[in-house]
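The same chain A turns up in both complexes below, where it pairs with chain B and then with chain C.
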Partner chain A sequence: MALIELKNVSRTFGKGDERVVAVDNVSFAIDEGEVLCLVGESGCGKSTTGKIVAGLLEPTRGHVLFDGQDISKMDKESFRRYRHSVQIIHQDPYASLNPTQTVRQMITRPLLRHHKARSNEEAEKRAIELLEIVDLTPAQDFMNKYPHQLSGGQRQRVSVARALTVEPRFIVADEAVSMVDVSIRVSLLNMLSRLQDEFNVTFLFITHDLALAKYFAWEGRISVMYLGRIVEDGPTRRVVMDPRHPYTQALLAAVPEADPELARRKRRIELRSADIPSLLDLPSGCTFHPRCPYFVAGVCDGEVPPLVAIPEGGRVACPVRKDISIQLIEETPAAPAA
Partner chain B sequence: MGSALLGAVRSLGATLRIMSYNKVGFAGFIAVMLILFMAFVGPFFVPLDTVTKVDQIYQPPNAEHWLGTDHQGRDIFSQIVNGGKDVIIVAVVAGALSTLIAVTFGTLAGFAGGRTDSVIVSITDIVLTIPQLPLLLVLAALIKLNNIFFLGIILGALGWPSLLRAVRSQALSLKQRDFVEAARALDLGTMHIIFREIVPNMMTYIIISFALAMTGAIYAQVALVLFGLVPFSGSNWGVMLSLAWVRGAIYFKDSIWYIMMPVAAIVILQLSIVTMTRSLELVFNPRLRSGE
Partner chain C sequence: MSNESQQVVLKHEAGSGTPLTLRNVSVAYKTRKGDVQAVRDVSLDLRAGESIALIGESGSGKTTLGLSIVRLLVKSAQVTNGEIIYRRNGKEIDVLGLNKKELREFRWKECSMVFQSALNAFNPVIRIWDQMKDTAQSHGWKDKKAIRQRSLELLKFVQLDAERVIDAYPHELSGGMRQRVLIALSLLLDPQVLILDEPTTALDILTQRTIIDLLRKLKEEQHFTMIFISHDLAIAAELADRIATMYAGRVVEVGSADDIFYRPRHPYTLGLIRAVPKVVGDFQELFSIPGSPPDLIDMPSGCKFHPRCPYATDKCRQEEPDLVPVGPEHMAACWHWREVEKELQSKPLHSIS
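Up next, the complex of A and B:
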């Protein structure tokens, strides 16, 4: 049974003409110990989905199941268990820590409140252990620090340590590394991976960066979101090596390659339009059709294409291209420029 | 017991050290302490001069009368020393009450939203539009305002609306912050979220508003006394001003010392309170402590 399951979840904001469908009919399941990467550009509904999973936002329609139980129908005790099992790590390390609290207060308070520690001494000891788990050493030096005395990467580690106080089984990492310097991104990602291995924590890893998704979820799965809908999902290897949806292909083609030889051979996908449609006035049918290079009139702008399972693994919401593989890296090197 | 006392002394010392990072603010703090000392301990050493001395009317400051004498030849310094207590008590009671109302209901309105919010905001708007001084004049005519605590409560009960609106809007903005969301995810409870996450982030603002509420209350009560609407018992800075006014002191050039002394006392108290908030800001906002 899946640890977390979303069933036809939708979320709208606003009223009347200003109504925005941030998440539209999204379904997915995450098994215990698995990593699911939610990928998409800004404003596509990834964060909203993350907040719904973490129980911080209620879906307008649909259900969220935790351990097979609908969270909106849970009794107090089960909801409390779910609440403690699912934690979120925010994107902005400068907004996610209270500027008036020291690291000690931030970490010992949840420990004491939820009886994870029986005395102040025990909470202190546990807090130091947690700081060591997130590689903030020597931990004692960080206990009396206020957030403004820490760097972005250190703050993000404190945020993770704080989430670990309640011993969560599931962590929603909402762009958790996108606001820290590239140089410390990898060590943060490795730390999160270690949590997954050592404590069997399940991850919903939300990012706009496919390269990060590849790195973090190579053994897991990727779901690609576009304007509130999932357009393609599947095992990371399949989605990265053999993307089927034109949007996924465009995203992958846009990832820069470090190797200049590869970069030269990389195929470009020309979109018909570089602009993202307004969320207030979404295109009919497949919302990607005004930009899609494979647009077929009458097919793409009619019905919303359903997610259809493909034999190679995962699902694709594109009736036109779902069975056609393309090569993103050309086999023969391109002719050198004259 | 001993260690608890030691801990309290140590944290008091730490607080004072933080306050001393801002020199101007710390000077204000010391001035407030001196004024409090003068107003509450001073009367035991400087008895109120009530003897009329016709030959010593309107003297300028001199060795015998440090701040000069009034229209009956009485010592002004003793009146200043004895006249501060009531003013300060009313200011603290009024400031504390209005701040308490504003913070409690402002945070509640911002945090709860919906119907609770609309009800609180409507009441606030109504109270906000009542012209304060005319209402106080009417009230003073209807009920005897001779108890200083009662006067403080009335001033406090009218002084909260603008602070409440400010607190509410801050609470509205703070409750959307990521760290509040994290506290919700950690199931820390509504009380924790309000008093540990939201209110500490407004403390700087609340402290400044408390100081301003106190200054407002001082003006309001001095005005009431000046208009002769509060029966003045004994001596207070408002009574001194009122007497100076009634006795026509403002028409004599010699009486300038008499009328200026209570004005100066009020201005110095206000200034000290307002500058002290600079130091209090440091205590409540760790980001401002450049000294660390």
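Up next, the complex of A and C:
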């Protein structure tokens, strides 16, 4: 049984002419111990979806199931347990830690508050263990530090340690490594992966960076969102190596590669329009149709295309291209720049 | 992206020789805790028509170096040593010696800089046209009609709907459109050198791609001389002919893009390359660099990278290495570059699997 399941979840903000559908009829399930990456550009609804999963926002329509139970129908005790089981790590480690608290306070207080430790000594001991889990060693050195004395990467580790105080089964990581320097990023990702391996923590990893998604969720799955809808999902290998939705293909082709030869050989996909439509005035049918190079009049601008399973794994919301593979790297290298 | 826009041809007079030379440039910020050595002893030659990328993490000094070239450092920062020499048509200019009036001539006409946050770079209450007109007029361009024509031409060149955008206010444009307007504005007085600070950071992927392709066009078709400042190695791989890696205020390695990506000799450059994932192709293992960037007020002794470096020895802790030739047109500042070379021979870096 899935640990978390979203069933036809929608979320709107605002009223009347200002009404924005941030998340539109999204369904997915994540099994215990699994990693699902939600990727997309800004405004695609990935963070809103993350907040709904973490119980920080209520869906306007649809249901969120935790351990098979609808969270809107839970009694107080079950809801409390659900909220403890799901923790969220935010993007900005400069904003998410209380500047007036030491690391010790930030970690021992929730331990005591939620009865995960019975005495100060026990809380202290557990706090040290948690700091060691997130690689802040020697842990004693960090206990008395304030956030301003820590680097961005260290702060993010404290956020993770704090989330772990309540022994979550599920972590929503919303752009959790985006603000951290390149050289530190990998060790943070590896630390999160270890939580998954050693403690069987389930992850919803939200990012705009496809390369990071590929690295973190190589054994898991990726869902690609565009303007509030999932347009493609599936096992990471399949989505990255054999993308089918024109939007996924365009994203993968557009990402600059840190390799000059690869950059020269990567296929260019020309879109019909460079501009992203406004959420206040969404195109009919498939919302990607005004930009899509494979647009078919009457097919793409009519009904909203449903996500359809493909034999290679996952689902694709494109009746035109769902069965067609493309090459993202040109066979022969293009002539190098003079 | 209409076809019409792509036919716009700019008449750019590509420079020749070496438009820009930095010699032993050092920059320090004065703070209460002491001097921050943001840039230390940087020497670089920028050849006409080439694009060079300065890469490095936050605090490596790359933006400070860019700002010192156009003399836009904040008051608390000072060029404490060195020379910046600019050349055009056989004339040499000592950039650090320019007075206010000369400086105004130098900026925009000779060398313009495109900043990181495209929204803050505009005056929010005046239209794009007024920004362009003011810039041209303050550089002595009188003919309004000619300014308008040039502005429209440039906006078309950056693939915007010129007639609409020229009368828009900055807030009416998306982030990617603003970035393109800024690039157009920087070209207004046909400078010889363009400095672009994180030109695509904070833009969405598809928008980022249009900016990269546009900059590539400026480079390949117009032969602008360009400096890219970026923490993103991918931007360097896409756009740079040469790359300089900066760490703790110094250039620690400089070479052609292929040398830097496939034959790096400084452990820091190698570390960065091994930390960045690629999107296409099979899974690759990544490695992070241990530790964190140094405190610029209280820097480590010797080589500033030694506390994070797997090759570090006592010599590294005591003596800071200078840039030495490690190949044709390729320099690195590391006592142990031959060991890096040897390791890469047994474990070469990619390329496409």
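One rule holds for everything that comes next: the second predicted complex is superposed on the first by the 334 of 338 C-alpha atoms of A that agree within 3 Å, B and C clash if a C-alpha of one lies under 4 Å from a C-alpha of the other, contacts with A are read in each partner's own complex, and residues count from 1 in each chain.
We adopt the following convention: a residue touches a chain if its C-beta (ideal position, glycine included) is under 8 Å from a C-beta of that chain, and two chains touch if they have at least 3 such contacts.
A quick note: this is a predicted structure, and the numbers were derived from the prediction, not measured.
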item: First (chain B), second (chain C), both or neither touched by A:25; value: neither
item: Touching partner for A:254 - first (chain B), second (chain C), both, neither; value: second
item: Chain B versus chain C as contact partner of A:207, first or second or both or neither; value: neither
item: Touched partner set for A:56, first chain B, second chain C, both or neither; value: first
item: Chain B versus chain C as contact partner of A:92, first or second or both or neither; value: first
item: Touched partner set for A:196, first chain B, second chain C, both or neither; value: neither
item: Chain B and chain C footprints on chain A, overlapping residues; value: none
item: In the complex with chain A, residue positions of chain C that touch it; value: 1, 57-58, 159, 174, 176-177, 200, 204-210, 212-213, 219-220, 231-238, 241, 257-258, 261, 271-273, 275-283, 286-290, 292-293, 350-352
item: Footprint of chain B on chain A - complex, ascending; value: 51, 54-56, 80, 83-84, 86-88, 90-92, 95-101, 109-110, 113-114, 146, 148-149, 159, 162-163, 165-166
item: Chain C contact footprint on chain A (complex, rising order); value: 41-42, 151, 153-154, 181-190, 208, 210-212, 214-215, 218, 240-241, 250-263, 265-266, 268, 270-271, 273-276, 328-329, 337-338
item: In the complex with chain A, residue positions of chain B that touch it; value: 177-179, 181-189, 192, 196-197, 200-201, 203, 284-287, 292
